[in-house]
Structure formats: C-alpha cells, structure tokens
Amino acid sequence: MAEQKSKKVKAIDETLISHQVLQVPFNYSAGPVASRFLIALRDEKKIFGIRCPQCKVVYLPPRGNCGKCLSALDEWVELKGRGKIQSFTKVNYQESTHPSHPEQFILAVIKLDGADTGLTHMVGEAGEDELEVGTLVEPVFREYRKGNILDIKYFRPIKKGRA
Amino acid sequence: MARKAAIIAAGQTYHKSKRRDVNIVELIHEAVKACLEDAQMGPKDIDAVLIGNMEHFEGVYNPDLWAVDATGALMKHALKITTGGTTGASVAHAGYYHVASGLFDCVLCIGWEKQSDGDTTAGLIFQSDPLFERSNMAGAIGTFALAASEYMDRFGISEEQAAKVAVKNRGNAVNNPYAHLRRPVTVQDVLTSPPLAHPIKLLDMCPTSDGACAIIVASEEVARKKSPNKPAWFKALATRHDQPFNSDLPLLINMRTLQSAAKEAYKQAGITNPRKQFDVAEFYEPCTFAELSWYEALGFCELGGGGKLIDSGVTEMTGELPVNPSGGVISTNCIGATAMIRVAEAALQVMGKAGARQVDGVKTALATGFGGSFWTEITILEGN
Amino acid sequence: MGEQEKTGVELLDISSPANFPYDYSCGKIGSFFFKALRDQQKFYGRKCSECGKVYIPPRPVCGPCYAPTNEWVEVGPQGVLECFTVVHFSFLDPMTGKKRPVPYGYGLIKLDRADSRIQHFLSESDASRLKVGMRMEAVFNEEREGKLSDIKWFKPVE
Amino acid sequence: MSNRVAIVGTFQSGCEREKRGRHITELVYETVSGLMKKLGMEMSQVDNIVSCSQDFLDGRTISNRTIPEAEGAYLKSEAKLAGDGSQAVFYGMIRILSGKYQNCLVLAHAKMSEGSQNVIANAMFDPIYQRALGLDEIIAAALQARAYMTRYKITPEQTAEAAAKALTSAARNKNVFRGKKISAKQVLASKMLSSPIHELEAFMPADGACALMLASEQQAFKWTKSPVWIAGAGSAIEQYYLGDRDLSSAAALKEAAKRAYKMAGIRHPEKEIDLVELSNYFSFQELMYPEALGLCAPGKGAALLASGKTMADGKLPVNPSGGVLGGNPLCVSGLTRVIEAADQINGEAGNIQVKKPVKIALAQGSYGPAGQSQCVLVLSGDAKVKAKVNSPVRKKGKK
C-alpha cells in the first residue's frame, strides 16, 4: 500500500508531480435511433441507414435529426452490406484506447451502397498494401453480439468469387 | 451600449434525473427545436450558435463537435464557452455580445448537461484543485455545507429559515411543467430529510438533472420585425470571477462577486431599490442557504437579514418580489443549462409567457448565475 | 420503462469506463510547500509583496494586488475552524474509482499568521462536537510523501 | 462604440515539450505579467479577459478555475473559450465591439505533458459509434490525409517537404522547441504513426502559454504606436462524422476564409495577403489549407510549396515561424498564429521576421477531428484599413 502510494508523488528536478487518474464509469444513453441501429446489428446482422425526408440524404451512422435542415429522421433504409473504402489508415502505435490493443490495425471510412455518408470502422483480413481508396468491402459480424458498434468485427475486402 | 439585443425565444427540455429516451445530442436537439419553434424560425435564420456544458460530467471532450447536427451549427460561426456553473449565463451573455457587436443578428445560445451519463459528484471533485482540495472536498454539497456553517454561525440563520426556501421553490415548481421535482414539500419534510453534509439535508440541495435549454438573442430589427414574442431586452449584464480557492473567500456564501456584479449591473440599469424595481428574480440557488444569503448580496435586505426576508414572505409568488417562480435550481439542475434556464425563465416572465408560473405585469427581471469558485453572472432583462 | 413505451424501442446504454491519467506539476511554489510538510511538518504561507497578505495555499501572485508573492512565512500548525461540515452521503471518488468512506468531517481552517484558509479533513465526524471558532491543530502522518494528505487531519486543541 | 479592434501588444513565454518545473499558475502569471510589463499596463486598466483552455487537457473541470489570480481576473469579467486560441481573439473582438469593453486580455494556456494526449483525444469521438474504434486526432488526420492525397495525387515526398519546411523554419524560432534543419528524406525516415502520417509530420504535445491585448479604436493608440487591426474575422464548423464530409477539402476553412475576406474587403487573397500563419498540426495541412484559403487552386498546394513562393523569403511567406509543427500545444497554437502574424506586421518577429514588408497577414486556427472547426483572422497594419465593420455572416440586402 505504501509502495503504491509513493508512486503518486514523483519528483522531477526537485519539482513534485502529483499523479492522479480520473476514474468514472460513464454509461451513455444511446437514445432510440442508435438503439434501433445497434439492435439490428445485434439481432439481425443488418446495417440500417436513415433517410432525411427533406434532403433525401441517407445517413450512416443514423442519427435523430438532419444536420442541414434539422428535420426529424425516422425513415429507415436497409443497406446492402457492401461498400467502398473512401479512406483508410494503418495505425502503428499502441494506445489504451485502441480496440483490444492490437499493435497495428486499420481504420477506414466506408461508404456502404445505399448510404450517402461514410461509416468509420475497422478493416480486417487484409494488409494495408491490399487496400486502396475504392476497394470493395463487406462487414464481418461477431459471433457473440452485444448491441454495440463492435458487433461488426470489421469490414473485409470482397474477394472474387465471394461477391 | 452599442446595438440593443433581446431574447426573442426560449426552449427547454423536460428534465429528470435520467433521460434514457435520448442521447446527448438528441437531448440538446430537443431544446434547440423547442426554441426555434418558439421563434417560428428555421436553421437558416440563425447566424451563430454558441454552446456550453461541463465536459467531465459526461466524459465527452469537445461535445460541441458531436452536437453540430443537433444544434444546426453546420457551416455557421460556432463557439463553445464553458465557465462551470455559470456556463449557461456566460453563453447567454456571449449571445448578447455577438448581437451588440453588430456582426450577428440572430444567435442561438445553448446550455446542456446529461449528468446521468456520468457521475456529478465525481465531476465536481474533479473541478476542485488537484493539489489542495481534491482529496477532501465532497462536491457542491460539501462546499455549500461549509459555507452554510459559517453563515449560520455569523448571522444566526436557522435551518427552519433555510427550509422555507425549499418549501417556496418546490411549491413554485408545481406550476412549471418543465421542472424536474414537482412535488411540494413542508418545512418538516426538509428538516427530517436525510442528512447529506451537515447542515445540508437532502431537501436543502438541488437535484441532478438531465436537460438542456436554448435561447435566441436577436438584434433590435429582428426582435421588432420577426419575433412572434414580446422581446426581453438586455438591460444590463455583469460578470465577476474571484480567487481560485474557496478557502480564499471571506464569508464564502455572501459572495463578494455577486455584490460587485450587482453594483455594476444596477448602475447600468438604474436600479437603486432592487426590491421595488425588480418584478421577479430567478436565482441560481444550489441550496436553500444560498438563496437567503443572496437576498443580502443583491441588496433585497441588509447583511444577515436573509432569514427574516424569507419569513416575511416578500419572495413568495404572492410577495413584493417573487424569487424563483420556476422552482429554481432546487427543483431542476442540469448544470450547464441551469444558468441559462434562469435567463430564459426571466425572459419568459418579461414576455408574459410563463404560464401558470407567470408573475403579473413583469417589466424588469433579474437572473443570476453561479459557478467556479463562487463566480457570478448577472443579467437584467426588461420589457418594451 | 416508461421511456421504452414512449419510444417503442429497447433502449441501450453504452458503457465506457474512463481512465484519464494526469501528472500535475506542483511547480516551484507548491513543491516548496509540500516538501516542508513532508520533511519538517511545517506550513509555509506565501506573502504578497504589496499588501502583505499571507496566502495558504501558497501561490505566485496575489489576485487583488496583481503583485507577486515574494516571501515564505511560517504559519500554523494551529488555527481556527471557520467553516466545517460532516459528510454523510456516499459518493464516487474519481481519484480511486470507488466510494469515498463516510462519514467524515472537513473544514476551512485559518492557520495562525495566515490570511486565507486551508481546506482539510477534521478528526471529528460528529457535527455536535464541532463549532465555528474552535482552535484546531494539524496532525501529521508518520509516513509522508509530499502531498496535502501528509496531514492526517486537524483535531481540536485540547 | 468602437468600429474596429486592434491588437496592441503580444507576448509569448515560449513553448517546451514539458514544463514540469512550473505549475499552471506560474506559467500563466509569467505570460500575462510579461505582456502587462511590455505594454506598461496595470491590471486595473484591463477591462475583461477571454482565456482559452480545455478541461480535458488541464485535467480539471472548469480549467479556468486554476488561473483567475494569475491572469488578473479577480473581480473581473472573464470568459473561457474552450476551443482554439484564434477563436478567443474573435470572441475578445466581439466583446469590445459590443461597446461594453474598451480592451480585452486574450490568453491561451495548456500543459499537455500533464495528460495523456491520445486518450484525451479519443474522448472527442462519440461513445456510441466511434470511441470504441480507438480514433484520436492523429488517426482522423491520417484518414483526411489519405483522402486528400489520393484525390490530388499528392506523394508522401510532397507532404514530407511541408514538414521539412516547417521544422527547418522552426529552428530559427526561439519560442518553439522542435525545430531542426531537416530534409524531406529524413522526415520520411521517421516512424510511421498512422499511414500516411509520419512522426515528424504530426504535431507534438507541448506545454506553453501566450497572450495578447485587444483594444478599441478609441483606446488602441494609448497602448501602442502601431496597432494591428483585425480587418476580418470568420469562422465555421463542418460535419462531425468523417464520413459525412468530403475529406479531401477543408470546407469549413473555405467558408471561414470567405467570411473573413468579405469583412476585410479582400477580393484576391493570393495578391492582397502578404503573409500567412496557419495551423499545420499535420504536414499535409500546409498543402491543403492554402487551397481552402484561396491562395492557390484546389490540389495545387504542393505545387505552391514547391514553387518557393511560401518560403520565408518568397512572395507569400507561409509559417515563417514553422507553425504548430514547431511545437505548440492545442489552444495556444491558434493564438500563437495570430501573435506571429501581428508581430510580422510590426516588424517585431525577431529572427524569423520576413524581409518583405507585411501589411496584411492572415492567421488561421482550428480544432476538432480533421479540422472540424475553423477560424480565420485577417490582420492589417494599415491605419486606413476599412473603418467600418462588415458582418461576416449577414446576407446582402438585409439591412
């Protein structure tokens, strides 16, 4: 205990440093729109967008209102579950915030067919070299799904013969 | 003063301790939508969007960015101003400055908090000084308990007198459909409610609420030509900050910032007899004792006379100067929105739109904001 | 429940436990103060070069004068209890992620020769045994590491 | 009522990777008292204060609760703008134009060494759809960089050139710590953080503070012989979700610049502006942002850089200070751009002063994932600059 405590005050060049960690278990309401989207991921392995009745934009991820005209959104559009990479990056550093702390992982903005905006998610089963802007991808769902965004395990390139 | 500016519309959410039916941005949007509907305006009519909250309560860094769809700020001038409990008033004042500057005609101001997504007392402990206060302080409850002990000792204020503030405000909240706690209480209820931190009991203290509030501040031209509501003009505003530690401040609860800000704002608005000249006041009273001491700081009575003033009934709905017809903070407290709700409620009173909580014939209304280390934001609004 | 009926959707919560580490520098002035607590069990306040007010917690500048503080003045270890409370409600301490043990007393103590007050724990957690105006003195921990909690608490002077 | 607002004094106390030896109050006091001394101004003469900081960076809810004494806010009006320092200048200007104040102290401070930058930045992403993916500022910028570079066929060598220019320029700037004479090749040899962004192409967390004083037209000459006027100001915010945006262009910056130009009466920015200080948190932004500012055609940022025009001795110097890559913390970075631009106008930029005369300078700040929120200020040393304030947003025909 004493040892653990003493870690909390470090001295650097005669300056005392107080080490503290803010620990709060945040628990966010997803709200009805995101809940419906996540439930469809969880229960049906389906990805839904939501259409603005005025602007006609199909938003992914779905949200309660259109940012442009502020219309309430409730017209759900089932997306085909395939799309194109708009941009991607391979992350080469480690951070506690990264999903399951892999050493390297790829994130991409993916525009699914039928949606007008892109979803940011991971890309798996492919190296960075195999990807480019425009690569066709499809979602891979987790076996045990919990009703969160990681119910999509990642997107993977559609290989010939599998499309 | 430069250009005149007025509040022409206000909107707020229904408040409760946990709004699971909306996420953060949907909660904000509820207030924005209500406000735009009140103004009969669309997002195109708005020049700028100003917003604020306290970020550690929800653990979202720069939530203004996430909320951009919900606020209608897309491609607009948008600023985030966060000053603690005073945030809602700081944002409302920023709305005034924006319009008075001549650069903007119609500014949407938003304050919000979704406290149930996080932990309020933990967030407030995180607000205290990391080296000198954090290990021992116990949120706002602890701070006001310290302040109340000093106040009671100095002026002989009783717990019964403080309890009367809760009775009055909770009674008023019955008339406010937006209030979080709408069940009236008695002095006995307050005195026998569970002790939180001596001498503060559960019913002496504000709740923690999820909620949001939005107002539109507009130029004179917009206010006169486009507003469906009677404008509530900014007559005076004043802000005061203080030294960093609560322990620096002599006679904590009497708030030298409030006294100093009142002096400036009263001078600007020509207020010499606040009890007569104000028709209504909305206080940011986090606890019962605070309302009593702020009667004094605001010159409604002499120093130490807050207890007698509540006894006299002057600040009741039927009194000479009703304080907190909305039910005040003791009935609803969504921190980043709270100070703006005070301004919005004062504006509704001036507009004559306060429904069952309306005070007759309001011309001049006062709103206070509280935050940080006993900081103040005062707003005086006026009709016609 | 009511909300579910209202929205017609099973409402989900997304849990996201926060863990934000910080290393706060005590700076020159804070380090001097905490080292004196640790090594000498003494309190030092910082005196304003203009108005002469002695500040504790110590700081580089006096707000009202906007003048630098330029002198260390030994204050305490006794003082007067000016505000106090006993905390009964249980709450999450973000520094540990756990509930802070209650009840506990804390207060604002004006140390002798200081002009501002210091906030800290009190030995008493029974409000009836505390009174504004009481003389108090600091009780130090055996093991000290250079932080405010090197002071165990303030107890009434017998 | 003041029709225009001037910067009448600036002060930088210098940024470092870590200022472990200093408490935030010590840092802010050093900075603000330094400015006051330079101006010969008493704190009692300061009307009000706008500070810029972030609760998450400072590890304190209400980050401005630490500094009221150190910044002189005792019984004064202070407002904390929790965004970028450039916006704090904009807001300070607005407060003076409102007629309530004659001057405004604007400061920004951050000690990023005390927090964990990527953990904090991750909290900027919404907890429902994005946070669990591990996104942070570097990753968001990398996604933008790839989209931009793909669309305009920009090579890694070209963005590395921008980093090399920035770091080499920063070597002459005494207020930053990361400068060194370096080649594009060396930049490309640094660790890949998140492709295509290398370590030397990304900003580095830093500690620092800076401040400036704004004054009304009536009061400006009381404090300086050479006020720098804020001739134009504009800001805008774009979509939050990266997939909502066209990441290959900076739409919010384009809009912010349009507003600032309208207010300043600038029609041909590439000809009328003498110097630019922009917030290059990442190297590709030094290519992309001049396009949004109308200094070159879309996709031509790399060609502009290669032409030498934006070098310190070129016709349109961009970031002679090295910009954010030289080593500025968040919040402070945007205010530093404004200070650098103002100092260049007054010939007070020391050994990074450009040779050409600078009359009109542009400063840009941003915050948020992939530059979501943008602010542009146009500064002018010309006393005959348009005396009337045009609204940056009001539509024509609206009286």
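The first chain written gets the first letter, and so on, giving A, B, C and D; residue counts start at 1 in each chain.
The rule is short, and it goes like this: contacts are C-beta pairs under 8 Å (C-beta built on N, C-alpha and C of every residue); 3 or more make two chains touch, one makes a residue touch a chain.
Source: prediction; values computed, not measured.
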For chain B and chain D, which third chains touch each of them? A, C
Report the chain whose mean Cα position is at the greatest distance from that of chain A. C
Taking the mean of the C-alpha atoms as each chain's centre, how many Å separate chain B from chain C? 28
Measuring centre to centre with CA averages, how many angstrom lie between chain A and chain C? 41
Per the C-alpha means, the centres of chain A and chain B lie apart by a whole-Å value of 37
Among the residues of chain C, which ones contact at least 2 other chains? 7, 11, 13-14, 16, 18-28, 30, 34, 59, 63-64, 92, 94-95, 147
Would you mind listing the residues of chain B that make contact with two or more other chains? 19-21, 23, 25, 56, 59, 68-69, 74, 119, 122-123, 126, 129-131, 134, 242-244
Going by residue number, chain A touches two or more other chains at 14-15, 17-18, 20, 22, 24-32, 34, 38, 67, 96, 148
If every chain is a node and every touching pair an edge, decide which shape results: line, ring, star, complete or other. complete
Residue set of chain D touching chain C in the complex reads 19-26, 29, 33, 36, 42-44, 56, 59, 68-70, 72-75, 111, 113-116, 119-120, 123, 127-128, 131-132
Going by the contact rule set out above, which residues of chain C touch chain B in the complex? 3, 6-7, 11, 13, 16, 18, 22, 24, 26, 30, 34, 55, 57, 59, 63-64, 82-89, 91-95, 100, 106-108, 116-121, 127, 131-133, 147-149
Hey, which residues of chain B end up touching chain A in the complex? 18-26, 29, 32-33, 36, 42-43, 56, 58-59, 68-70, 72, 74, 114, 116-119, 122-123, 126, 130-131, 134
Within their complex, chain D touches chain A through residues 20-21, 59, 118-119, 122, 127-136, 138-139, 142-147, 150, 191-197, 239, 241-244, 247
Okay, in this complex, where on chain A does chain B touch? 18, 20, 22, 24-34, 63-70
